[in-house]
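Pasting a structure below so you can have a look.
Per-chain residue numbering starts at 1, and chain names A, B, C, D, E and F are given in the order in which the chains are listed.
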Amino acid sequence: MEGRLVVAVSPHIRAEMDTRKVMMGVLISLVPGIVAGVWFFRWHALVLLASCLAGTLSAEASACILRKKPSTLGDLSAAVTGVLLAMVLPPTLPFWAAFLGGVVAVGVGKQVFGGLGQNIFNPALVGRAFLMAAFPVLMTTWVAPGPEAVTVATPLALMKFDHKATPLLDLLVGKVGGCMGETSALALLIGGLFLVLKGYADWRIPLSYLGTVAVLGAIPWAFRPDLYPSPMFHLLAGGLMLGAWFMATDPVTTPVTKVGRYMFGIGAGVLVVVIRLWGGLPEGVMYSILLMNAVTPLIDRYTVPVPFGGKR
Amino acid sequence: MSVSARMMLVLTVVGVFSGLSLVYMDKYAEPYIALHKKEAVREAIDKVLPGVDKVEEVHRDETVIYRALDSSGKLLGYAFLAEGPGYQGKIQLMVGVAPDLRRLTGMEVLESVETPGLGAKITESSFEEQFRGLEAVPAVGYVKAGRKPAPNEITAITGATISSASVVRIVNEGLNEVRRVVRAGPPDCETEATIKWKGGKK
Amino acid sequence: MERREEVSRRPWYQEYLKGLWEENPIFRMLLGMCPTLAVTTSALNGLSMGLATTFVLTSTSLVVSIIRKLVPGQVRIATFTVIIATFVTVADLFLKAKFPAISKALGPYVPLIVVNCFILGRQEVFASKNPTGRSILDALGVGSGFIFALTLLGSIRELLGSGEVFGHEVIPGWHPWVVMILPAGAFLTLGFLVAAMNAIERTK
Amino acid sequence: MRSFRGGVHPPYNKVTQDRPIERVRPPERVVVPLSQHTGAPCEPSVEKGQEVQRGQKLGEAKAFISAPVHTPISGVVKEIAPHPHPVLGEALAVVVEGGGEMEDWPRGEVDPDSLEPEEIRMRVREAGVVGLGGAAFPTAVKLSPPEDKPIDTVILNGCECEPYLTADHRTMLERAEDCILGLRLVMRAVGAERGMIGVEANKPDAMEALRHASDGEVEVVPLKVKYPQGAEKMLIKAVLDREVPTGGLPMDVGVVVQNVGTAVAVAEAVRDGKPLIERVVTVAGEVGRPGNYLVPIGTPFSYLLEVAGGLQEGASQVVMGGPMMGIAQRSLEVPVVKGTSGVLALRALPYEEGNCIRCARCVDHCPMELMPTLFVKFAKGERWDLLERAHIMDCIECGSCAYVCPARIPIVHYIKLGKLKVRSLK
Amino acid sequence: MNPILVSVLSMGLLALAFAAILAVVNRKLAVQEDPRVEAVLEALPGANCGACGSASCRDMAERIVKGDAEPGACPVGGTESARRIAEILGLGEVEVVEKVAVVHCGATSEQKVKVAEYRGVKTCSAANLLGGEYACRYGCLGYGDCVRACGFGAIYMADGRPKVDVERCTGCGKCVQACPRGIITLEPYDRKRGETIFVACNNPDRAPAVRRVCEVGCIGCRMCARTSDNGAFYMDGNLAKVDYGKVYESGNWDEVVEKCPRKIIRMERAA
Amino acid sequence: MELLLIFVAAVLTNNFVLHYFLGICPFLGVSSRMETAVGMGLAVIFVMTLTATVTWLIYHHILVRFGLPFLEYVTFILVIASLVQIVEMFLRRFSPELYRALGIYLPLITTNCSILGLALFMVLREYDFIEGLVFGIGAGIGFTLVLTIMAGIREELAFADLPRAFRGAPITLITAGILALAFMGFSGLIRV
């Protein structure tokens, strides 16, 4: 043998999964949702994807250059942010707004906090919340799936303002108005299950999140089914599927403790139902996740598990 | 002199001086402020009831109604302030209604804190104009953009349905109150003040 | 407890200049944040608020530096705030009487000049320890720094929020960013501004 | 199957499990460190130039927690000087030159039930037996539990959950009877009624051999194949469903755990009066002839690796122990010591530490149910006070967290550093 | 009623009332605070660096006033602050020896023999767990923990070993704590000459062992001890040491420095 | 119900810090550590509750009665300044740790504009005594809520590798900005 021996602290073997592979796994899990989005919204979806990716990747690259650090594009987290951002924007959003959203997502949502792993808030949702506040009209203009792109209202808005329910099958398939990647609950469910079963994300948050929404949504519905939507409608409509499987599971911005992850899911679920039923906005998934992101440090702090052999 | 005594003395003296100077300042400013207030009301009435020359303030219970008369003394209509919650916060309106109380003559948003660029569009004339000549029976209503409004309906602002609906609701509530007051009897007897338009319509 | 006279030993012009940068209340000391964030939706609002604040600051410094030796420590804050509040009321009434439009735009934040912490701060650290002339220079300097900061912040927010500065169109066809006029936009803009100032400070 | 929470499933790579134990011809020069165990180093009992016989004591254990060392070869003491040490970096060692073939130690007779516990302890101590499972804790001390901690069960640790290593596996297979005898002796010494052997389910042949040798008196418990099944707290949890309290020892729950190799050493010490002068070492990885070797203590790694066919192309790291907990060596001049269960030639991993993505894999897999995220965070931020409050001292350094970390954070490195600081600040 | 009178009266009375309450509360709840604490605090540097072992400068000031700490206990403030504090407390003159950090390993990364490739956390304290990459077990590991620890920017890395900027060094001792190999010490600094002198090696081994690991390490040849005119250099086993009681009185430093065959007796000068 | 609405509005939808920009200075200043944040929060809740009651009484029973509304600011601030000073003296006497931890921010509660803002809003919205009290408590709790959330975040950020220019105030402001974005989700929940 030539050269010097390598010294390092144990373990001297490592699991296969690294950050890049995790992110790749998320991207793969998103494929069904993206395919559905492109199928329904045609080139709008592609433009949106390209603009968001351009925004997030350029922000990530610039931040590395400004901070004189090696490029972190390779870890693919900025790509995940870009794709997820595109999926939560209205299909007809102008490309420049999508690009701006991408820049804000990674620039403001992630890099000013120090980059990967250090941000408090979900970057894609920071981007979206910013766009929502900056261009509320653009962000609440929806088109129906299909080539004509006629303006429609989202199922949740129909429910909230007109008390009109959308057939569940349409929600499942995704033939409704809404964000580019959120409409097809089925495609997202497939991707989400893949994500969880392959171990890229933890199952506790989606489970508790969706469960809470279903349970809480069922209570008013049980009393006034004419006025309130069914729990199934709650689960399938809006961004809940996308949010629960892909955004509430962002490891960086969610608790690391098991108890904490249940708390996160339950808290987010409560917020969604409250905002949907009584808030000014028809949808609350984004806000619910951002608000729970904000309390994640507190959750983590107060749910440190008792070590093995500690008093129980 | 003990510290306690000095504390009391200094603070009291400062307080007295403060009170003194503010009384004078208030004396100076008060008339102007009152004037601006009236001016604001006047201008608003002017907008919602074009051609007004003289206004009588009618008080009943808590409600204030402005009776607007033209230069010949003919009743042009009533104007009233109405307020209620919007999307972000309070919205205050001045509404003008024809003497028969069935048709609006105009609406002006005096105060609102709706989202700029969205709910704040209720203050734009394109929105306010919709109320001019609007049928008010049985009540004012709204439709979403893209649909055809009935004669008693306005078109809501896209992306600000809540604000639009709030305005409509506030108008209706105010209108009902005015109807109650006007129908309750000849209001003239309770006239408390009359605002005379100095130079007529500007 | 008597307050020690700690007369500043800077050259007199420094008394003014330091307020612009070194002791800029917004960028360096992060005081008086509330009006800064709340009213800077446009450059004009920022400027007006800055002027009103500077008026109050200077008048208060004047009075406080004159009576500084008479005020016992325990009622110092109470006394100073009463003086500040008096001038604020004066400014408020004056604006309401003469410039109702500006008064309305600044809304409930004019009375809050009373509690603008840096006004009291200046009294505590400067006017209560220094002679009148210096105190006024100091107040004017800090006030100018405040005006500068507020106008800058207001300009940026107005520019991005509507494409205009002082009501003049700067970027034609700009799609307004509503967020800039909202609280969030205020926080974000100021955050980036202070970061930029930090970066500048470091390269010096 | 019985197990514990957390843990990982590294690829086991136990290619040497079918290689019978092979006796290594002693080298001409052995380096016997005076400290090969947890506790105080022993003091040299020979002088430079002195002639010594195989099995003769080289160092005397003066402290209670200590163990004597013996020479595995006959020859002359060449030197007593600091020498590279596989665990300590450098330590005082006795160098003996001599050599020749090593014969089987003459076999004695013993009836475990007739011996006094004190006698067992004395013979074990004199033989310098220490735990062969890793920590090298002097066995005689373990066999002397305090009065107020009655021991009801002795568990033999036959898990060998570390990848690559098969020394214990082969020992159980080839020396099943000695294992059982050792277990009996330990039970007798601590006064326990129950004897159990925990074996990972992937060694059915070993379990069979043990069951056969024990005539069913001892319970052989198959355990889930999961690292670190062999860590004693996890083993006790899996076998008896008892939880050793934090900061506590197995005896706090009435248990003594011994490695199977230790049991054999105890048997040999008590029955044959044989000191611990050789042990089974798995040599694996990038070497020519991977296998299980019976190696004299003090044999330099370079010699052993030569015996095992030499390092192969690509090997850039030599590890003493298993890949999960083993110690990477700076020099091949270090000797095999009593705690050397394996010598592995590995392809070193690159150093590619990234940012923690808070994925919580480490938290989920930590068998001690700790929060390694906090250890990394606080160690990086140098908040040693917080580290202690995060229970860093409960960490067993099993490496499960670092193994699964997708950000490739050397978590155990931070933990070791943190523990050092916490200890030094006390 | 006359509004002017009402206004003045109510303000006056309110002010009087609150002043009275304040006065009463002030009396009842008065807390005696030693004014000297403030004064001492002023005399301290206010860096809140913790070098003295107190939580903050205020904490330190309180301890000094209470007599729990010496006036010169702040290593950062140095003589100047100690003198002022002594004055405030009326203690008269105090003697404070000014110290700066010196690094007892002067080998560059090329001069040290490398034996291993280190793959781990890039800090000295982490590397020290594994021995780092160099053969010398006593020398500098080269990852700059000391540099990061210094709050005054007084240590920098040059050619893989730390150097001290004696102008900036306040003698706070943070680097001493930071170095896992204990090769930094605080030693007296000769203000008149603006120099420190020290042996830049920490290896107590005998010459052959030292030669195996380092090109410049001290080989215990006794040359310095023999050359020095006043015994300011002495041998501690195989390693040369400086007697700081004598060294600044010595007349022939330069010669000693010159004569060391390994050039391991070093000086740091103020620029 | 009315009271509940006032309370929830003060805590969430119209949060003093994130919606009205009141009390930003202490929000930025004392949010770096959890303990001080909680201490400050409690102090603010306490002072706000006191202020709400005392200013209500003074406004309605002195200023309104004698027709002196222009003395509003002066009297309110006098009340607040004195109250704070009394609280300060209490703390100093009975809890020196808290006193030391809150440091310069205690006197600055006087100039915490949220307190005066509270008094002014109370008058502006014509709350009756009980409403004013609930409003005061709610506003205090809302302030404490965001203060502790912020403290949690900042304690986390203390370990983050922030770009240098963003350390300290800038990142706090940006975090507050994102928090404000998130709190917009509550808007429309309660209409005041």
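The rule we apply is simple: a contact is a pair of C-beta atoms (placed from the backbone, for glycine too) under 8 Å apart; a residue touches a chain by one contact, two chains touch by 3 or more.
Just so it is clear, the structure is predicted and the values come from calculations on it, not from any experiment.
Common neighbours of chain A and chain C under the contact definition above: B, E, F.
For the pairs B-E and A-E, the larger set of C-beta contacts lies at B-E. With centres computed as the average of Cα coordinates, no chain lies farther from chain C than D.
Compared with chain F, the chain whose C-alpha mean position is the greatest distance off is D.
The distance from the centre of chain B to the centre of chain D, each centre being the mean of the chain's C-alpha atoms, comes to 87 Å.
A straight line joining the Cα centres of chain C and chain F is 20 Å long. Between chain C and chain E, the centres computed from C-alpha atoms are 41 Å apart. Centre-to-centre separation of chain D and chain F, using mean CA positions: 61 Å. Residues of chain B in contact with two or more other chains: 3, 7, 10-11, 14-15, 18-19, 22-23, 25-26, 87, 115, 117-118, 162.
Counting partners per residue, chain A has 3, 5-9, 108, 112, 115, 118, 130, 133, 136, 280 as the residues that reach two or more other chains. Within chain D, the positions touching two or more other chains are listed as 316, 328, 330-331, 348-349, 351, 355, 410, 413, 416. Applying the touch criterion to all chain pairs gives A-B, A-C, A-D, A-E, A-F, B-C, B-E, B-F, C-E, C-F, D-E, D-F, E-F.
Only residues 15, 18-19, 22-23, 26, 35 of chain E touch chain C when the two sit together in their complex.
Residues 3, 6-7, 10-11, 14-15, 17-18, 21-22, 25-26, 28-29, 32-33, 36, 40, 115-118 of chain B touch chain C in their complex. If you check the complex, the residues on chain B that touch chain F are 15, 18-19, 22-23, 25-26, 85-90, 162, 166. Those residues of chain C lying in contact with chain F across their complex are 30-38, 74, 77-78, 81-82, 84-86, 88-89, 92-93, 108, 111-112, 114-117, 119-121, 179, 182-188, 190-192, 194-196, 198-199, 202. Remark: chain F residues 18-25, 27-29, 70-74, 76-78, 80-82, 84-85, 107-108, 110-113, 115-117, 120-121, 124, 163-174, 176-178, 180-181, 184 touch chain C in the complex.
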